[in-house]
Amino acid sequence: MAISVVAIVVTRNLFSVIVLSGAYSFLMATVLVALDAVDVAMTEAAVGAGVSTVLLLGALHLCKSEEAKPVHKPWLPLAVSVSTGALLIYGAWGLPDFGDPDAPIHQNVVPRYMENEVDVPNVVTAVLASFRGYDTLGETTVVFTAGAGVIALLRRRKKGPEKTREKA
Amino acid sequence: MIRSLVSAVALFSFWLLLSGMFVPFLLAAGFGCAIAIKLFSKRLSAIAEESDVLELNWGKFIVYCPWLVEEIIVAAWDVSKRILSPRLPISPALVEFVPSQKTDVGLVIHANSITLTPGTISVEAEHGRFLVHALTEGGAKSLAGSEMDRRCAELEEV
Amino acid sequence: MKNDLVLRVLGRLMIPAILLFALYVQFHGDFGPGGGFQAGVIAAAGIIFYALIHGVAATRRLVPDGVVETMVASGVLIYAGVGLAGLLLGGHYLDYSVLSHDPVHGQHRGIFWVEVGVATTVCGVMLKIFYMFASRGNSED
Amino acid sequence: MLIDILSGIFLAGGAFFCLVGGIGLIRMPDFYTRMHAASVTETLGAGLMLVGMMLHAGLTLVTAKLILIGLLIFLASPASSHALAKSALMSGLKPLLGATPSDDEVPPSKP
Amino acid sequence: MLAHFTNIITVFLMVAGLYIIIARGNLIKKLIGLSLFQTSVYLLYITPGKLIGGTAPIISPQYSVYSNPLPHVLILTAIVVGVATLALGLALAVRIREAYGSIEEDEILDRDHSVEADEAKGAH
Amino acid sequence: MLSAAALALLLTVALALARAALGPSVFDRLQAASTIGTCAMLLLALLGFLDERPEFLDLALTYGLLNVIGVIAVLKFFHLGRIANKSHENAEDA
């Protein structure tokens, strides 16, 4: 997976980048399955390999497919990224161990969720739709808003693009 | 009418295979979904201006499948030996030939069988013209008028 | 690509299967992996597959813009409506227990309708976005 | 017991062919020949593994689902590799031909 | 070391995404970097929820230990919102391309500068 | 045996990744990506058996469906994109 990430960073042809990110999200989904997040993996596979690939391609075929050569030296961003990474790794030593059942995350509300008072075997669905119904309503609204935003941005007006191009 | 009933039943059995739960609610949902999708797929075909049903000699098709599997195994073993041998003994070739099938389905089955067999890939498949890329020249020569061609043509005889 | 024989036959076989699979994911969200969002995305992917084979114009005839826009809005309305129904039947907003005589059954019913709402919106939005991107490119050529 | 051994053999065979396909993907000289290597993975490798898992599962609905997955692979993978090869040829990627390439065998690549 | 291996991978992904976002000028590449960054966040949330020996949180009588479902729910929402923002960002990029004829940050800035210079000249 | 097969699949994924990273043309990468998709699908089914939770097969099916759609989408837009870009560049030149 790391290889594909590095390849995504280095590659300059955007078509190849999109293909690589599709492969990356398949691998990501497999990792998520290994971490028991079945629903998340399904979503990630559906989104990463299906929809966002198509969307990126759709945007790309309206734009240029080759990235320009960078004009700046990459050292400053690299330094910023690496130092952020070092800081985060330093911080990560304070986190609980991987798979530790006594970690705080397993102590609070989750036992109540797992009691399954809704009688739906898939706890993720139960929590998503019932216990956290407001979150999901908000999520649906965000999707709706994004759709509306895209419609507003990409709706075809007569002579719209030419005018702006002349001004520029 | 009978044909669309058959395909609706096929869709419903697909649902049952997926579900494996025989709760009344889910059975009813499956039935409804199968019918809805059958109607929707009629619309799909109508807009694409295609016939809705696939004509095929199913009896011969059942005989054809094991034969194809055997071909695949033989070819895959051959290709694997070539991949693993240190000298990489390949001589890629492109051949063009005329398939003897007439219908869409027959042509597609032939093209897919060619692609499924490791060592040969159908590059272009149209009525009356196949373009095939083969890993070895021997494999390329044996394609035109092959047994696969004959068997696929037999599948069309309804 | 548009008239590719192999792809056309594949599409004829696969698109109904994909759509049925999406509905299966929708209805079995309670029992296994899946749910409204995944179902919406898979269904949208199936229809996008049709668009890839037969072109966007044919797809617009298959699922017209009006239908898609109605789907986008009605999904959110279904979700909010479920909450409102709970409110009207004497519970809290988005409290499903009052939707039926038996609280557990009410929860089932509420979850089902909420998932339907999510699936409808997601499918509609994905299709709409795809239409927007694809049609913009085609008419520019 | 016998079934366990048999399924183990099938799984091992599938794993072997998958690996061979992967090696071929690296070793082959050009795109079209790499596709042949990949098709080894996608047909025999996947097929044998699925058979192995079916034997492991026994006669349940799991087997039915595995058969569905197998059908999906066998329907979809040739179609997608056909499309891949076709558009590679259309975009002007010339295949490497023969040990001694002869020019008259190169087909006219259409735009 | 092994206990924190997953954290290190998460941080690596995050850094890669961050690097793409700040170092590359292409807007679409920036968006891809953003989604890379998002996946690292997914991983950050999901990994603590895993219990050694636990299985997926789909209740069935054979199992007693399940992984924590709460992060799954949160991340499910996050993925959905992520796609929505990606689509919106892409639409913006397309519009910018139509207005400026480019999606490279530097070229866009250059063009802005030249337009400003022209306007300044016109004013004088 | 199951875990050995899973290991072999992981190795195959690694090889395909190398090809995806090296691959000179887009088609090479695409071929590698679709191989990765197939391997991930098999890996998922195997993981399901290792965990003894065969519900994961649904996921494998999803992967298979989306893999095909992704490959064909890239191919389709690759052609469209080239044509669109060319005509656009010509228009700007003129």
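For clarity, chains are labelled A, B, C, D, E and F in written order, and residue numbers in each chain start from 1.
Everything below uses one rule, namely that a contact is a pair of C-beta atoms (placed from the backbone, for glycine too) under 8 Å apart; a residue touches a chain by one contact, two chains touch by 3 or more.
Just so it is clear, the model here is predicted, and its values are computed rather than measured.
Enquirer: Please identify each chain that touches chain A as well as chain B.
Expert: Chains touching both chain A and chain B: C.
Enquirer: Most central chain by CA mean?
Expert: Centroid comparison flags F as closest.
Enquirer: Return the chain pair with more inter-chain C-beta contacts, choosing between A-E and A-F.
Expert: Greater number of contacting C-beta pairs: A-E.
Enquirer: Using only Cα atoms to place each chain's centre, name the chain farthest from chain F.
Expert: Looking at centroid distances, C is the chain farthest away.
Enquirer: Approximately how many whole Å separate the CA-defined centres of chain D and chain E?
Expert: 33
Enquirer: Distance between chain E and chain F based on Cα centroids, please, to the nearest Å.
Expert: Taking the average C-alpha coordinate of chain E and of chain F, the gap between them is 21 Å.
Enquirer: Round to the nearest whole Å and give the separation of the Cα centres of chain B and chain C.
Expert: Distance between chain centres, rounded to whole Å: 30 Å.
Enquirer: Residues of chain D touching 2+ other chains?
Expert: Counting only residues that touch two or more other chains, chain D contributes 21, 23, 35, 65, 68, 75-79, 81-83, 86-87.
Enquirer: Indicate the residues of chain F shared as contacts by at least two other chains.
Expert: 13-14, 18, 30, 32, 55-56, 58-59, 61-62, 65-69, 72-73, 75, 78-80, 82, 84
Enquirer: Touching at least two other chains at once: which residues of chain A meet that condition?
Expert: 6, 18, 38-39, 41-43, 46-47, 50-51, 54-55, 58-62, 64, 121-122, 124, 128, 136, 139, 143, 146-147, 150, 154
Enquirer: Of all possible chain pairs, which ones touch?
Expert: Inter-chain contacts occur between A-C, A-E, A-F, B-C, B-D, C-D, C-E, C-F, D-F, E-F.
Enquirer: For the complex, which residues does chain E have touching chain C?
Expert: 56, 58, 76, 80, 84, 87, 90-91, 94
Enquirer: Can you list the residues on chain C that touch chain B in the complex?
Expert: For chain C paired with chain B, touching residues are 5-6, 8-10, 12-13, 15-17, 19-21, 23-24, 27-28, 31, 50, 54, 58, 61-62.
Enquirer: Given the complex with chain A, which residues does chain F contribute to the contact?
Expert: Counting only chain F, the residues touching chain A are 13-14, 17-18, 20-21, 23, 26, 29-30, 32-33, 36-37, 40, 43-44, 47, 55-56, 58-59, 62-63, 66-67, 69-70, 73-74, 77-78, 80-82, 84-85.
Enquirer: Hey, which residues of chain F end up touching chain E in the complex?
Expert: Its residues touching chain E are 51, 53, 55, 92.
Enquirer: In their shared complex, at which residues does chain D touch chain C?
Expert: Going through chain D, the ones touching chain C are 75-76, 78-79, 82-83, 86-87.
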